[in-house]
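Below is the structure I would like to discuss, written out as structure tokens.
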Amino acid sequence: MSADPGQFVLTLLQAVAMGLLTGMVYGLMALGLSVIFGVMRVVNFAHGEMMVVGMYLAWLAFDRLGLDPLVSLPAVAAALFVFGYVLQRTVINPFIGLPEHMQFMLLLAVAILLVNACLAIFGPDTHGVQVDYMFDSFNVGPLVLDAVRVYAALVALLIAGLLWLFFTRTRSGKAIRAAADNHVGALVVGLDVKRLYALTFGVGAACVGAAGALMLLIVQVHPFLAIDYTLLAFVIVIVGGLGSMSGALAGGLLIGVSEAVAGVLLQPSLKSVFSFGLLILVLLLRPQGLLARRS
Amino acid sequence: MSESLWQRLTGDVPRRALLALGGLLLLLLAAPFLLRLAPAGDYWLSLLILVVYFSYIGQAWNIMMGFAGQLSLGHALYLGLGGYVAAALYVNLGIGPWLGVFIAVAAAMLAGGLIGFLGFRFSLAGVYFALLTIAFAEFTRILFDHFTWVGGSGGLFLKVEADGSAFNLQGSPLLFYYVILALAAGAFVLCRFLLTSRLGHYWLAVREDPEAAQAAGIAVLRTKMLAVLISAGLTAVGGVWSAFYYKSLFPEAAFAMGRSIEVTLAPIIGGLGTLFGPILGSALLVGLGDLFTTLAEILANDYGVKAAGLKQIGYGIALLLIVMFRRDGVWPWLARRLGFERRPADDAGEGRP
Amino acid sequence: MSGAHLAVRSIGKRFRGLRAVSDVTFDVPAGAIHALIGPNGAGKTTCFNMIAGVFAPDSGTIALDDRPIAGLRPDQICASGIGRTFQIVKPFMGLTVEDNVTIGALARTRHVPEAREAARRLLRDLGLDDRRAKLAANLTLPDRKRLEVARALATGPRLLLLDEVMAGLRPTETDQMVAFLKDLNARTGITILLIEHVMRAVMALSQHIVVLHHGEKIAEGTPHDVTRDPAVLEVYLGQEDASSPPRSGGGGRRPEGEAT
């Protein structure tokens, strides 16, 4: 840490800015978890694993076809959508409404399969992408922002916006929200709840897949990242409010910043202390999330 | 009204189930000697040790989730804390494990008491409570990474000592086998005893419906606290055993979320809330793990198919199939098949709503 | 066991600023059977929940045999001698009928076999004897209602709070329940306070009725007086089918009572 207080403040501001940018991608990842929980009341314990699958798909597109993750992103998201849709229809659907420990065990099995499939196919080594703008940066006042983080954050924001449009403007999106609010009611008015659930899981998976593609710009991928991302997604949605979309985004920003700031103030190995501390506080004092209204 | 302890424990258990249980115990007692006759006996003994170990800690976890309905995904905290306390006392202060275990249990109960009190006081349940337990386990992991008295992230090692004896829990796998077997058998009897007690009935009531339980006169907070305290204490004993068996501790592993999840597998797969579920579940899982290790080796050696993770893929598929087709676990289904359960016909085959 | 005297004095409760109950006062003398009636949303269950300790009243006092109980936890209330049932029944679904009632009986003894014995007696009394090994989840609604009563009684209460135990029962089943409660009251002297929409049960059971409307007590008296009280008629005439006042209570929610 610098002795010069001005320099220190700048370092801190720099960390906050970076944290916000990374936090946007975190937010998109957590959004997927939140959408799935909000609609189906299923906690996706395989969320980080799906994230890692997204990262590997983006890496594959880069490695084989030379595609920038920002370019392959729609395809990665689409692939995850199909995966999520099929998974919900075949495996998860019978477990909706069952006790949490059963859902937990089911998704744990899915998680084990996904992470080890990645391990078997790609091996335990790390893989990253080298894009042209890797070392570019933008100067905003005294701050220096990595181009990759800026692009990743902007695209994450764009996708969150598209998602918002989907849920507020399209027939399917509105139907999903209706089903989330009132399962029986949705059945009564003749909505195909099974299809909507599969659609929701697909959308949630697409979110996390897209987040994976973006994250590959920032970090290198290896299979064992998965459990950390699952945990991270949980922390974010709890802090923001489980089931709330805006909460997931805000929670992502908050956790992104807290990690970055902790990285400056403490040793890097202590960076998640803030996040877990925050999680414990929120669980005890405001379990509905920092942003959600008290129900 | 008086009844003997034996009567109380075995009262409504079908005779054939008792006989089978006695047979199993005898078999387990004789197992090391029988295995000596088999090829690769040491290897099979090490697997058997794993089965008994996981059934013991599964039994301990089951008290909290299976009986009292509180989902803990942070039991690695109690395992790790128990192991670290006893190992550090031994390595740093020369206090032997047979004494250290009491301090280890006290430490774990303190931690469990804190988490339980916070969680239950603030009415956290289900996933929310589970996340609280994860958060505390992760917190402790990071803490121990920087706790130099116990070696920090560099780990804590128990030297193999020349004068090692059962007195300081050093010795051959045979010693560890009988110690963990005694623990597992003790936990089995204890759980049966608890289930036939008032506390056991209260746990089930709280699991089924806390509000109705409280209206029926049950002090819900106290009842849940007893579950977490007993569970944490028993788990810590398993942690001590495991620390001395493996002779090394790293925060990354001792408090890992993966370890917490490992604890939950056997009781859920075997049958939550049942006494035999953790035992059957752990036998199944260790057996499957070994089966897929062997298969992966065959694939690698005979067919040249080499890839990390193949073993776990097989394991994951097996787990998925069991969960999908035996939601309540394997034991309730098997028990019905074997006629070990005296449930009236009209209830057979119907799950929970 | 014998009955206890319940004294409710000016209790009030607000939820998010909305007045759910205000200034309600009534007595249930030891050994009496009283009823609390009123349209939906009148504050009956809120009153029950305050007496049973689910939440403390914002104002006023509640006493059981002169001992103040307002603000105690539900389990402490139970220990002090009040048993209750829930409007939406809450049996322990995954446990057997016998275990359900045994758990209630464990409030009085720590010996499980003794509690089991007590539970079996109660199940016989309530006609659930042949179903005691069934899981509660597999019972029909009327049986679940009976199970709730059995579990509440097993805790050995001196005051029994019954929240719509007749709802959903067929007329003959209602008559059975009425007969059981009458006999129980006569045999043991237990005090009973019931919330009920099924007026045939209210009329058959209670000596005294308290009528709530919008959280306030608007009338009380004998069934005869209350059904002729202008204020009560006014309230029930506002409801959909109230040509014969509280005959089918809160607006004929269920097909009820007329068949016999």
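We just call them A, B and C in the order they show up, numbering each chain from 1.
Simple rule for what comes next: a contact is a pair of C-beta atoms (placed from the backbone, for glycine too) under 8 Å apart; a residue touches a chain by one contact, two chains touch by 3 or more.
Chain-to-protein mapping (UniProt): A, B = Branched-chain amino acid ABC transporter permease.
Because the structure is predicted, anything quoted here is derived from the model rather than measured.
Here the chain-to-chain distance from subunit A to subunit C, counted in touching steps, is 2.
The most distant chain from subunit C, with centres taken as the mean of CA atoms, is A. Rounded to whole angstrom units, the spacing between the C-alpha centres of subunit A and subunit C is 49. With each centre defined as the average position of its C-alpha atoms, the distance from subunit A to subunit B rounds to 32 Å. Separating the CA-averaged centres of subunit B and subunit C is a span of 44 Å.
Across the assembly, subunit B contributes 352 as residues in contact with two or more other chains.
The touching residues of subunit A, when paired with subunit B in their complex, are 43, 91, 94, 98-102, 104-106, 108-110, 112-113, 115-121, 123-124, 223, 227, 231, 234-235, 238, 242, 267, 269-270, 272-273, 276-277, 279-280, 283-285, 287.
Chain contact summary for the complex, subunit B toward subunit C: residues 1, 3, 196-198, 201-202, 204-205, 207-209, 211-220, 343-344, 346-347, 350, 352-353. Residue ranges of subunit B in contact with subunit A, taken from their complex: 65, 71, 73, 118-119, 122, 124, 126-128, 130-132, 134-136, 138-139, 142, 145-146, 153, 257-258, 261, 264-265, 268-269, 272, 307-310, 312-313, 315-317, 319-320, 323-324, 327, 352. Of all residues in subunit C, those touching subunit B in their complex are 52, 54, 73-75, 78-79, 84, 86, 90-95, 99, 102-104, 106-107, 110-115, 117, 133-135, 137-138, 151-152, 154-155.
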